[in-house]
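What follows is a short report on a single structure.
Letters A, B, C, D, E and F mark the chains as written, and numbering starts fresh at 1 in each.
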């Protein structure tokens, strides 16, 4: 990220304070967000933006909103998903993906067969379900860390990918 | 708005379908948002953005986020308030204003003396409290109308006031 | 209202303090509650009573409960709907109407195709859906104004239409 | 109740179906509602009406609303408390009593020293706290039974004590 | 209970303070928990444990968890149901029973035909529905009493039925 | 863990399916739970049990409840904290620690100066606050993964540390 964008995201500075946690955090992050998967990188960022908005995490919505705009090559999509993903210009399959992610974010204790059946109807298999759930779960953690530490998004993120 | 920005906000098209409601809606809107008041126009837009985000209203967050950026001459403020106004770069007085607005949006039935005492500590008098409450209440209505009719924000709003 | 009942509802006194808002409020109110519509006037008052009770608005439940009793020529209906509309002596079609109104009052951000399909099954078309939503939205505003200003219902309303 | 009012409340008919439960229910009810206590009988009915309204129990709000009107000799009080007890014409001490009752109804798991300290400030001792809590708890049970069995209030209750 | 276990459950000591309430409470309890019914005694304790856990009642979860382990002859079942009954090793029929009990505990106002239809599909008749609802309702009361009085479970309960 | 207890916790088997995530998960876990800190290891497990119970995570409550019993050398503490930590036999300082952890688990977006002031009153500094928040956040993630994958606790955990 730093190399491409020319600035150091503030989350790096925050976690640098705790080197062991820093390494584990980014190892986990990269395993979920950068490895090959049936979910496109833009779709993974959609999950981050939708669930981080439900958790009211300013850093994550602004920073990952920027990455989503870049990856989806769409200047409008991040704001739409942040405010109400149900009304965003995305496919029904992507809405099903986000419905599941939001269940994991808010009601994981009640996730069950009915949820997986809907995912399957939209072509998501068990590995895809894991990916969606793991990203929603990882940002359940990140959102809480960022909110408690009052982490601010770098100013550069606000404009990235808007034009 | 149209004259200055060169496009017709979609809310006009939506309500044009019902001329009597259209006239009353905009008469009410203008009485609250354009008349002289102790609240600056930027502060009034902060109320709109914060409460509309809580109500997940895409049109209102995107359109009034744009107006807020223009009125506050601040390209970052709308996104900050939309995601989590408690963490936005605004004054403590403005946070007290938004705390009250959010009480009206979510728990108006429990508003009482303690709320007004806090407002008073921050220099808001009874007329100011009415202004804050009336704007939060008006957008409680607008947000619901926009969400039920799936109203989309004009594309022009997304970039307005960002640079 | 005043002419028929012989007293001035307190909401008039409250809003008289702000003439521009007064005019817009009642113009909007009358456009929704008095104009011709597929919804009967009693049905529109049912929407007011059910959603105002969810918002714990004393003025609106007591005053519009009275109007509902008068319009429906039924002394019991308002109390039933105020406490739990699901258990009131109304038709299934009216319950579907109130289910939709309550969705608008509480979860408008999630209203979608499934909601409109249910309305259609009960014979409500798109204009009817607008009417239901607009009344629920208008009283989302009114309820908040009345609660914040501690508006009390005129004593006359409590007995109106009970015998 | 029957003797005085000349009709048999429907809750008697409902529970007659289960004689052992019937006897225990009314023994418990009478121990809480009819025995000597520092709370007046009208105050005890206030607790029933406020908590039963939060639980949306039609039978209990309508029937005990009637009893409250009779006991308080006030035709307006029951409707006020049913919709929003915070705005009812009752004393601050009675509002503290209802705040505690509502905590028991909704969040008993969090009741603690702070709650008892507020009660004490208003002159309620430990026995009074028990009375308030026990009534709120007993109607937590009654409200659920009445809602599940779709219990309707006798028509006579609606008008009782209104003039 | 005392005779079999050799100790006096603390709930007896708590309520001994109020003899009339004591007698009514245990008469009601025994009518629901000890009489013949289509629900096994273990199933009735499942209802107690699941709903008491939702109400965060330490006494009821620990004490009735012990009784459930004894009655079901299963050392694991109580902890599973207390944390998340949806993931416990119980039958689908028992999950349907607990789904209904949890509706009564949390949303009794919305219980209706759809709920009874699901119960019927799993072989529960109207009397069984009453039993489930009455137990959930009775412990809605007990849980509140125990939480307000800070009732602790006897130490003996923690180990009962674990080996 | 395995070495000491003689069995492999099921979470290892679950995550073995994804080696990169496995390594990052346990690196993070160990950095938070095993490193030197002002919080005792028993206190850290208290945070896990309280927040995991709020998230209804069966694996985490049962497995970490066992570890808590062992580390605190107290056979009762885990069940008490799981059901209602406010009523557990722990110090006021530990209750303040758990209050903060629960804020992070449920409302991290609203954590602010008032929360840190309370922590400070109980002798927790900024590093301690980070530890509490990071553990609550990490298990916000773990709880969601375990619930979505229906992860069961090893039977051995249920009895560990009870005698």
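Things to note:
As a working rule, a contact is a pair of C-beta atoms (placed from the backbone, for glycine too) under 8 Å apart; a residue touches a chain by one contact, two chains touch by 3 or more.
Since this is a predicted model, take the numbers as computed values, not measurements.
By the document's definition of touch, common neighbours of chain B and chain C comprise A, D. When each chain is reduced to the average of its Cα atoms, B sits farthest from chain E.
Separating the CA-averaged centres of chain B and chain F is a span of 41 Å.
Note on chain placement: the centre of chain D and the centre of chain E lie 24 Å apart, centres being C-alpha means.
Annotation: 48 Å between the Cα-based centres of chain B and chain E. One finds 27 Å separating the Cα centroids of chain E and chain F. Across the assembly, chain C contributes 56-57, 84, 109, 147 as residues in contact with two or more other chains. Inter-chain contacts occur between A-B, A-C, A-E, A-F, B-C, B-D, B-F, C-D, C-E, D-E, D-F, E-F.
Of all residues in chain A, those touching chain E in their complex are 109-110, 112.
Residues 53, 56-58, 61-62, 65, 75-76, 79-80, 82-84, 87-88, 147, 150, 152, 155, 158-159, 162-163 of chain A are the ones touching chain B in the complex.
By the touch rule above, chain F contacts chain D in their complex via residues 84, 86. Interface residues of chain F facing chain A in the complex, by the touch rule stated above, are 18, 20-21, 23-25, 27-28, 31-32, 35, 55-57, 104-105, 108-109, 111, 129-130, 133-134, 136-138, 140-145, 147-149.
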